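What follows is a set of structures for review.
Shared between the two complexes below is subunit A, which has subunit B as its partner in the first and subunit C in the second.
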Partner chain A sequence: MTALPLAARRSRRLPKLPKRMILPAVLLALLIVTPFAAPLLTPYDPVQISVRDRLAAPSWEHWLGQDEFGRDRLARVLYGGQVSLTVAFVATSIACVIGTLFGLIGAYFRGPFEFVTTRLADVVLCFPPILLALLVVTLFGPGADTLVAVLSILYFPAFARIAFSEALRVSALDFVEASRALGTPSHRIVLKTILPNIAGPVSVQYSLTAAAAITIESGLSFLGLGVVPPAPSWGQMIRGARAFMNQDPLGILIPCVALTLTIYAINFFCDRLRDTLDPKGNAGGKDVTSVPAPGRAPVQEEADVIASVRDLRLELRHPKGAVDVIEDVSLTLRANQCTALVGESGSGKSLTSLAIMGLLPGAIRQADGALHLRRKQGGMVDLGALGPKALEDVRGNDVAMIFQEPMTSLNPIHKVGAQMVEAILSHRKMPRAEARSRAIALLELVGINEAARRFDGYPHEMSGGMRQRVMIAMALTCEPRLLIADEPTTALDVTIQAEIIELLQKLRQDYADGLSLLFISHNLGIVSEIADRVVVMYSGQVVEEGPAQQVLTDPHHPYTRALMESMPSAHADLHSARGDRLQAISGTPPLPDARPSGCSFRDRCPMALPACAEARPPLFASADGSRAARCIRAPEAQEAA
Partner chain B sequence: MTPLLEVRGLNKSYPAGRKGLFGKRMMQVLRDVSLTVQPGEVLGLVGESGSGKSTIGKAILRLIPSSSQAMRFDGQDLNTLPSADLRRLRKDMQIIFQDPYASLDPRKTVRAVLSEALDTHDLHRGAARQPRLTALMEMVGLNPIFLDRRPHEFSGGQRQRIGIARALAVEPKFIVCDEAVSALDVSIQAQVLNLLADLRAKTGISLLFISHDLSVVRYISDRVMVLYLGRVMEVGGADQVHFAPRHPYTAALISAEPSLGHAPDRIRLTGEIPSPLTPPSGCVFRSRCPYALPACAETAPELRPAGEGRLKACIRDDILQGT
Partner chain C sequence: MLAFLLRRVATALAMLLVVGTIIFSMLAIVPGDPAELLLSTGGGSASEEAIRNLRLEMGLDRPLLQQYLTFLGDSLRFDFGTSIVDGSSIAEAIALRLPRTLEIIAAGAVLALLLSIPAGTLAGLRAGGRFDGITSGLNALLTSIPGFVLGTLFIYVFAQVLGVLPAGGYVAFAEDPAQHLQMLILPAVTVALHLSTIIFRMTRASVLEMRGHDWVRTATAKGLSRGLVVRRHILRNALGPVITVVGLQLGILLGSTVLVEFVYNWPGLSGLLVTAVEQRDYPTVRAIILTVAAIFIGINLVIDILYSLLDPRIALQ
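And then the complex of A and B:
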């Protein structure tokens, strides 16, 4: 779809520090720097005892008052923060480096390394964290060093697991294989290729772990297993103030507020970091379906017209203004007819079909044009005039769609039959048993052997060809008059593809009272086998249309001709060994926001004239009105024929 | 002429779950595949999904472990080559992938991608680097000013050219093209095929061209090998195999190819492709073959001569004799 590259391009061109990261980064930096600036902020020593001033209230000398030993609380909370933060960040850093290293090595070299990484992590994860901490502290005695050791051991498995699973995913990508094929040494692949690509999730894990480490450090110090008194730490402060909670609530409040603020700042930072690193978080435009806009004029159509699209214009909403992705597309779909929509990726063929289904992505808006569909009861309805509820009723009942990848459209955890029965019951009120026999009859109709047995099978038990047959059966549950097939055979092997094409051909003849088929494909060979009419799209416009055999034997538009010429199957006489070249079309199709002036195809067209740059050409109809081409030279071609 | 690449009796199995308490179930994806590639020759590998064609490419490049009676490249035995020598040999054998999106590191610029190849083999260091990068970009039809861009700024066809430039950077003698044009639009596919045809003409490079598209394979290859379920069905000259197939599977594959104009008399295959876990006895194709005889179930057919320079693995000589 045309919308995707644009959105993707925007999301990846990130500045160094995105706007949304500024606030959390500043907040976090402030909270980390402040404790270490303690000597500048307070003249007092955090361990200096003054029994005379015990539990003194805040004053000009001692802003936060004094604690149970008369020590300055501001000094204690600041110096305590030094200890708490140092322990947390040093431990997290050690855990991060060791864990990531384990994960990377385990995932890249597999075999025994994988075993060691995963099992070691499992062993550590088996211990309840506090129990493990108690064990280590009992063995080595309390103190900041021991705390760092405990926390590192506690947290490295989390890093090992994240790094392992991410590195496993990245290692399977072709670019890592390409590096191996180049003979790049393993350590270089791991550090220069895999590590940068897993940095995102690992850094998020780092911030989460640091926050957790601060909490655990405070907890252990509170239990007397962490920092040894009188050295300050936030846990120590809570422990000391607990005894005087009733007389002096401020004492316990101060370290708690410090803890809460720090953890909040870290989590805030994590959340934003995760959003920033996740490309999906930036895509913008939620995937809500938009309802077609009401059409301008009511149309009178002949009785065999199943659907009509008039002057459809779709725009992609964009911060810099709307871009037309589809311009002036008109289609007439008739009963018992197969219309093929042909074009390369980005030509707008899928968007056109989604508009007929009322399933446009949220970022795309129908700016102009009208969509009409014949309902089974006979009348034409304006899709734009229907509410969401009525549209839902139309989908499935009057028009259905099948897609390229059948597996993504079938729910993998439900049995095939159950999914079909649900589809039938959602549109028709009938007893379950009747729905079941209907579903089995449909499976037989689409050529599935042992339909009753397959009815109770799961989608993953079927081959790709069989799943596509099931999708067709599901699309036919409510006997729609129009079936839209979006590249239904592209993911299938050629022998299976031939079977599916044959099935669609058979259905058109046998099924109910005539099925209109809108067949979307980039493959002109398939189109010539199945289609009655062909509509060729290029860069969001219809450039040529007409009876399939005429268009494909004598194309009038230079693009159609070039497309056919560039297919190797059309040139059985050419061979690379003899130095023959295929007639490729130079350049690439323009993006919707960068179409050339005048004719969209002119900068790739071998027959372009200066006049082609002046105005966008209209569709020139042939003398008998059966064909049309959007090219100022089309009348020449029509004459010659 | 001694072949550049010679593979004899290549086998590859993957463990696929357990059988009983102790037994491991193995799925054989390649059985007894032998092939040769002469200097300057393009060998096409065709087959449907699950035929093992991509596995052959990766096994030859030793990107995955496999077992074979012999695997020789440029006079060296790939089976016994120490890993340090293998790394050096990788300069001579390269790969181009199918997916132009997955095959480039999104975080590296084109310059970094191409430099990785040159650095690894210590080529064109220092002042010689920039002219080499410029030449590579021009060779694949990209403007050298794009060197400092990252992959997401390119279209699919342009990315595929970058992938080709990476493979060409080290001046290999042999490239595995693993469905290298399958993900591209028709008009772009023709551009990339022309680029490969030009490269053959200019550099005399050898290619192992893996694809499911028979017309593309016929155009680019000198000889074609047809695979089904990890077994070789037929080998022969590209035009011979395409226009006068000797094996029923090849014939069915070619007749299933959609073509412009007339609808061909299609050879109908029945049933689904069997699972490699439970291949049919005897000839693996017999369960779908319209010409199968009872004898086909007994022994796996040997690859045997079927006309000049051609081989087929089919016991029947009374069918598909056209020229």
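And then the complex of A and C:
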């Protein structure tokens, strides 16, 4: 037992009932217990006929009145519940035990057992449940026993399938593999690790099945083919009261409500159980992108400035209050220039670029600062002052973006060409055929062979590198002035990385109007090849910026230096550095809500001084204004340079 | 694509054979003499002669394999034999009633799609919002009301209390189109509400999943309008799983419509089936169930092909 790892043992302990489960559990327990407490709640016999009191209204003796045979309705609804619930739960339990056993056997022995286990469900699914039930009733005659048998046959394949797939999933988990390697006997693995772990999905299936079984039982009884009279059941009560609904609506209402309430309670319990077991299933969060806020003052910019970010501050909305994820970031992006945004994961470089696209996730709000962009028809516009329609016109037209994951960034169900054409047509009025030839020309431009054939192909027919070329071609469809590339090579293998970088270089040189490229990366090797300017971000702030050549040879901020030192020196694996973790310094960047006072890098800084804890250092600009660094030692270094 | 089609058709035919075999063997595996069993009502046993006659009529005296092959051959030619109760042709009875059942299902399915796809999409796009809260709550309640309960309550409200719609019954369309449609409303709405709870749930979940994918962000970044992004890059992708569920549900619906038809006195397959079950007319029950299973397998074949057109990756798997 001691050999069993912690995860396995923890799952065996009975979990504490989570808060969200209390209400459904209590409701369900109440609805199940009440019918079985019938003898305590009513002195009447549910089958005792009293013709004199046909359809009597509720009275002190008979709280819910009497039915078409003068039988006490409260007694009937309570005892009827006993029958319905017993049939449903006995059948479900049998189906659950047999099905789970089948599933486990299938998962354990595989081969023909696996085939039988998985195909069984397919076959049973071919019969609408109620029809299969009717078929069996024809052969065996109606009655509670027949119902239990039918329902168990009907539902055990579903359990078998769930137990099978869960058992396969669980047995591939590390701790099960580990206990197998430690020589734990197979039956103990099944009993002590697999069974408790598949208990969640199986219990969800259990409640689903119980609800379905009650529905079918009551339906068959309603048809007169289920529980045999005079034994009461809800379906039968509705059947009996139908003829009198005009004089006595209570007669149909009572069993209808009892039935619906019970099914509702089970479903409610089941939903909450599923949410508790699998919290990501109901993940909320709105995808509505938040719109940039208007800037404070109009900016006068030089003619070659394509985009400017001023004092950008982004907040993460959080139930416990907002947290700043980006603080006072300023950027100036110029025509014919490649600016590299550099930093570890979580430094805020992607968020900054998404803000320029007006594509911030819904949970992030622009709290301060301004985003300006030069439109093709001349002037600078404040992105925050644009409405959603105007913003759609800017996106893809004046600024375009290439994402990190070419495998998932294209819609798998549309042809590649169609995805390019829709981008062209949403910004330009032209015949479809013209858009098509334009897209094919672009595919050729980015180096795709047989472009016309690829145009009619699907993304899944292409390699990762080819898809990234398509993404680049798509970004260029409307000749944007600014192209944002968010780690465009990270997901690709080394040789393809080099090709994509080469392609981007070539495009920049050939671009007529002067393309401004914002290149986001944590790979300084690639950055040194492509960038004119480098902006280093750390923990939501710009910590250093300047001409690429200077920053990369003589960094003024200790963080930049650490990034440089983490870079693999040998040219051989220059491109393979997926250096998310810094080798030269320990630790990871602080989370936005846990940044230290003063300089946010000081916890990891090898050169930190007591003064670093006192105040957040400003961005110290060098004398000629070409460089800046956010470190109290920066002025020293700048003078020395 | 052709290989995919052939494979799917072959699977469907194999399923049909399995279903036919199961239906056939159910009678064979019942303990005791099936003829005796079918004629026994409420404990009393039938006369020796009646049992012998039935055995001859159903061919139960022949070897099992011969019975099986005859059954399969007859079924392929839609020759389901005659009812053991009144000797009428089963195939004719099914041909008369099946269209009425399909009419309810078709009307209900169309209504359900019109209702639940837009509602599910909106709820999925604004998950956690007010619209989502109201529709999802309503959906949970509707899910918990069995179809025949809903039908019974509808009759009470619309026929008895308000008196705006007939409580049930059937008039052929050719005879009186207006009344036919009037009588179709309640059954169709009952079926539709029931079906739409499932479609709503599936659409909402599917939209919620699709809207978080990278390609949706790409589409927005390209500058597509919100409407286009939702239509082409969220909804189109979300529909695949929804269609599969609709297919499965239509099959289950073929069964649960029995109850709805019964509630509204709609003379579809249900009346035939319920009477046949009550009278233990096994050949009739068997024929109806075989027909329904065949339709169900057919629907799912069509759905699979539709799905592969919606998502080209499916045909490759």
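Here, the second predicted complex is superposed on the first by the 467 of 641 C-alpha atoms of A that agree within 3 Å, B and C clash if a C-alpha of one lies under 4 Å from a C-alpha of the other, contacts with A are read in each partner's own complex, and residues count from 1 in each chain.
Throughout what follows, a residue touches a chain if its C-beta (ideal position, glycine included) is under 8 Å from a C-beta of that chain, and two chains touch if they have at least 3 such contacts.
Only a predicted model underlies this, so the values are computations on that prediction, with no experimental measurement involved.
Colleague: Touching A:553 in the superposition: subunit B (first), subunit C (second), both, neither?
Modeller: first
Colleague: Per the contact definition in the header, classify A:522: touching subunit B only (first), subunit C only (second), both, or neither.
Modeller: It touches subunit B, and subunit C stays clear.
Colleague: Based on the superposed arrangement, let me know which partner A:243 touches: subunit B (first), subunit C (second), both, or neither?
Modeller: A:243 contacts neither subunit B nor subunit C.
Colleague: I'd like to know which partner A:215 touches here: subunit B for first, subunit C for second, both or neither.
Modeller: It touches subunit C, and subunit B stays clear.
Colleague: What is the contact status of A:397 with respect to subunit B (first) and subunit C (second): first, second, both, or neither?
Modeller: The answer is second: A:397 touches subunit C but not subunit B.
Colleague: With both complexes overlaid on chain A, does A:494 touch subunit B (first), subunit C (second), both or neither?
Modeller: In the superposition, A:494 contacts subunit B only.
Colleague: Look at A:30 in the shared chain and tell me whether it touches subunit B only, subunit C only, both, or neither; answer first, second, both or neither.
Modeller: The answer is neither, since A:30 touches no partner chain.
Colleague: Where on subunit A do the contacts from subunit B and from subunit C line up?
Modeller: None.
Colleague: Give the list of subunit A residues in touch with subunit B in this complex.
Modeller: Spelled out, the residues of subunit A in touch with subunit B are 8-9, 12, 173-175, 177-185, 188, 192-193, 196-197, 344-345, 463, 465-466, 493-499, 501, 522-526, 528-529, 552-553, 562-564, 566-572, 574-577, 579-586, 588-589.
Colleague: Where on subunit C is subunit A touching in the complex?
Modeller: Touching subunit A from subunit C are residues 15, 18-19, 22-23, 26-27, 30, 34, 37-38, 125-129, 140-141, 143-149, 152-153, 155-156, 160, 208, 211-226, 228, 232-233, 236-237, 240, 248, 251-256, 258-259, 262, 273-274, 276-278, 280-282, 285-286, 288-289, 292-293, 296-297, 310-313, 316.
Colleague: For subunit A, which residues count as touching subunit C in their complex?
Modeller: 122-123, 125-132, 134-141, 211, 215, 218-219, 222-225, 235, 238, 242, 245-246, 249, 252, 256, 259-261, 263-264, 267-268, 271, 283-287, 289, 357, 359, 388-389, 392-397, 400-401, 403, 405, 408-414, 422-423, 426-427, 458, 460, 471, 474, 477-478
Colleague: Spell out the residues on subunit B that touch subunit A in their complex, using ranges where they run on.
Modeller: 42, 48-49, 58, 61, 63, 86-91, 93-95, 97-99, 102-108, 116-117, 120-121, 150, 152-153, 155-158, 163, 166, 170, 185-191, 193-194, 196-198, 200-201, 212-216, 218-222, 238-239, 242-243, 252-253, 256-261, 263, 266, 269, 272-273
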